[in-house]
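What follows is one structure encoded as structure tokens, with my remarks underneath.
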Amino acid sequence: MLHIFILFALFFSSTSHASVQDFCVADLKGPDSPAVSPAFVAQFPGVNGLGLSIARLDLAPAGVIPLHTHPGASEILLVVHGKITVGFISSANSVYVKTLKRGEVFVFPQGLLHFQVNAAGYKATAFASFNSPNPGLQITDFALFANNLTSALVEKTTFLDHAQVKKLKAILGGTG
Amino acid sequence: MLHIFILFALFFSSTSHASVQDFCVADLKGPDSPAVSPAFVAQFPGVNGLGLSIARLDLAPAGVIPLHTHPGASEILLVVHGKITVGFISSANSVYVKTLKRGEVFVFPQGLLHFQVNAAGYKATAFASFNSPNPGLQITDFALFANNLTSALVEKTTFLDHAQVKKLKAILGGTG
Amino acid sequence: MLHIFILFALFFSSTSHASVQDFCVADLKGPDSPAVSPAFVAQFPGVNGLGLSIARLDLAPAGVIPLHTHPGASEILLVVHGKITVGFISSANSVYVKTLKRGEVFVFPQGLLHFQVNAAGYKATAFASFNSPNPGLQITDFALFANNLTSALVEKTTFLDHAQVKKLKAILGGTG
Amino acid sequence: MLHIFILFALFFSSTSHASVQDFCVADLKGPDSPAVSPAFVAQFPGVNGLGLSIARLDLAPAGVIPLHTHPGASEILLVVHGKITVGFISSANSVYVKTLKRGEVFVFPQGLLHFQVNAAGYKATAFASFNSPNPGLQITDFALFANNLTSALVEKTTFLDHAQVKKLKAILGGTG
Amino acid sequence: MLHIFILFALFFSSTSHASVQDFCVADLKGPDSPAVSPAFVAQFPGVNGLGLSIARLDLAPAGVIPLHTHPGASEILLVVHGKITVGFISSANSVYVKTLKRGEVFVFPQGLLHFQVNAAGYKATAFASFNSPNPGLQITDFALFANNLTSALVEKTTFLDHAQVKKLKAILGGTG
Amino acid sequence: MLHIFILFALFFSSTSHASVQDFCVADLKGPDSPAVSPAFVAQFPGVNGLGLSIARLDLAPAGVIPLHTHPGASEILLVVHGKITVGFISSANSVYVKTLKRGEVFVFPQGLLHFQVNAAGYKATAFASFNSPNPGLQITDFALFANNLTSALVEKTTFLDHAQVKKLKAILGGTG
């Protein structure tokens, strides 16, 4: 059973202007599928002029934040509960993977592919700091399979098989 | 038969300090595979302090520049010969695709996934201008399948099937 | 009894190149004095080019991080244990003070005076994220009373009384 | 008798859109108090997009610009009349003090504490250039004693005595 | 016969919002005069936030883009048809001149004087990439001779003869 | 008689590391020529990291700072003695000219042509503040007539007469 469930919420510690925005919600059934836990994104009101922001990530026991980039910011991740396996691929195509415990931190350079995976059998929580109020977010799977980019172009530019592309487009709601 | 052949060359119009660097060369056999044409990257010597650079792209008749990002720069592509289908996926997950003829231009915002595909039965040439001397380059397929990122992590963070991951790792020389 | 004890340590989660630097250690006796807890500053090796950094703050039960500025960065503070009263004074001279519980965050704009005070009877821990690898630090008391700035100039430019200046210079090791 | 009188005026050499803004005016009586002279701040209309600004400082014979920072800009001070003792405290807590004569200049790095004191028995004039149209200004005494920051928090975060804090709050109009 | 004819046009490859703006049109008669060809400037709609832009230059057989600067951007010129002699003068007053053929590129550092001259007996086309959406343009002749800057000031600040100044003001429509 | 004499000196108010550099010295005879006064450029040692600099200009009674640009900085000019007529030409080709008295200021946007001319029968002094430690300087006459840029290219790209170009090349030491 595949639970892809990513919720982005804006909350503020010192104001009542909290807003919650559903970034993407998919709840799909299927065998041997990973579950993606909700991710809460916290941003201060008025942080726009200050050049930084922070987000909270909550990962369910089998939770995954899929491969993604932040085009507009570098990120430092701090684990405050549980264990999380994190990794990024450098511009020299080297892989940096590490399992973080509570109180440990890891840095993801701006614009590079990275991911977070719950590494224990229980809930994990982390905070991601960005050096921009608008780090942006591009989840590779959503860019490929959750819009109207044609299967033909996906296959040509990723070398993925036709059946694989069709399967993930079906799961993530893409067309074309 | 799959020809994945990407050559990055530095050449300079006004000096003899031209250098040619093989970014990646793969020459593999297999059914129904696209051919990736060489891409030549031109950069001036001493452009480091000037905040911009330019690259030349040569696409063979069935040539493809696979899905990739430039973490450090926006890009304007200018087609000078042939026809090229280009596209990018925005941070709002919208798809922008267009087939460019000679003299037409297209812009790719910094850090977002994009691609170029030869759209005619003959060679195509384009020039890519960047607003940084070091735009960087991350080709999604190479990041996933051409290094030692484990298949387990690729599958967990992309939802791709095991067989698909193993197949592309074999083609692109990845391990794990 | 006055315990002014501020320790800055560099530690790294993923390397063994951790280094610990004593920023300032003062251990002084006197009546009705607050105790300043150690503050550990964590910075990744090689974060220099990435535009951000993070520091860990550990406040003893009566711990205080005295009034200070970071000339080179804005800061987001995240409390992960205990309760901390934080505040800053804006450029319009307005005061923003709040007592943060675990999981709450607060932002300090670049260059403005701010402070952190343990608000409970037990240890508190927080993490400070900066949008610069070199945020800098200027503690007002140390700038006034822990160097050779003459008492005459301190008094003229702060309107503090002579006895007050002499008392704090004696405690903090200043001369002149 | 304490005359704390700081007037910030915007004037323009080439337009009639000059505006005068009272930044802070305090006129208070008391023994052995320094007199703070008016400071006129000159800014061009429309300098906002140009990345710099200039201010004029007029110091009465015993005039003082109290300890302050500019969070958003570095400053170069040029003395055009009289003698002014200037100083700043570096991020390494070193003190740089110098008495400037007409035609001499001094630089204050962004965000660091600094001051200006008339060093002769007659009026002095200087011009301060900033590398931002909005350098900002935070006068330490006003941040501590001229608003509603509680005396308890001032004392905890500066180690100043209760009587000293209360005295300056009374002079500068602070509450709490 | 002197044809000074510079046309700046905004066109867009992917939209119908193309706009054409006449930057400057002068059509004057006189002996032994160079002809300046139209220059078309292409800018994407919405490129404002992306930090780069591109312009197309079309030079008639005897066409010249007169001495000019771009105050806000560096430029890379790519020749796609014909031959163009380009040059700039560095801040050390050194001269860099080169005749470019099709496919060759040349860089002009931000703010420095440069020019382009058709170097063959037939039409030439080039594309200029800038690392700013607003590179700006200041043509030296227009700044001196096509407005109301008085001849007296032009002569004093350029050492040009009075007759020369009056002749070019007449041609370019300047007064004073 | 033409006296073109521009001296750039680095001096520092607080150190003995002052250095004097002759930027350009020409001493030439000729009828009805303006005299260019020495210009002293003051820069602090170590201002490199602070983002600003300052220069002192001394204009003889008939002194002129010829038409020039600073490619890397905006400038604010402050007159401290005498009267100076200043002006710049905007990117919209508008002329802004004003005669400044002591204590008046004027701003020159980055990269735009501007000049300063003594407007009285006696010595004038001014200070120029820049929002960069390296504003750069390009004097139009020197770029055209004081190097080996060929007369043919100067004439083609400026529309100046051959005799005029040859005359100024002779005065300023240019060849070609």
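Note that the chains are named A, B, C, D, E and F in the order they appear, and that numbering of residues resets to 1 at the start of each chain.
What we mean here is this: contacts are C-beta pairs under 8 Å (C-beta built on N, C-alpha and C of every residue); 3 or more make two chains touch, one makes a residue touch a chain.
Just so it is clear, the model here is predicted, and its values are computed rather than measured.
Where touching is counted per the definition, subunit D and subunit F have no chain in common.
When every chain is reduced to the mean of its CA atoms, the largest separation from subunit E belongs to C. Subunit A and subunit B have CA centres that are 24 Å apart.
The mean-CA centres of subunit A and subunit E are about 47 angstrom from one another, to the nearest whole unit. Annotation for subunit C: residues touching 2 or more other chains are 109-110. The chains touch one another in a closed ring; read from subunit D in the direction of subunit F, their sequence is D, F, E, B, A, C. Against subunit C, in their complex, subunit D makes its touches with residues 2, 4, 33-34, 64-67, 69-72, 85, 87, 89, 91, 93-95, 97, 109-113, 115, 117, 136-138, 140-144, 146-150, 153, 156-161, 164, 167-168, 171. Of all residues in subunit A, only 13-14, 42, 44, 47, 50-54, 56, 74-76, 78, 80, 98, 100, 103-107, 109-110, 127, 129-132 touch subunit C in the complex they form.
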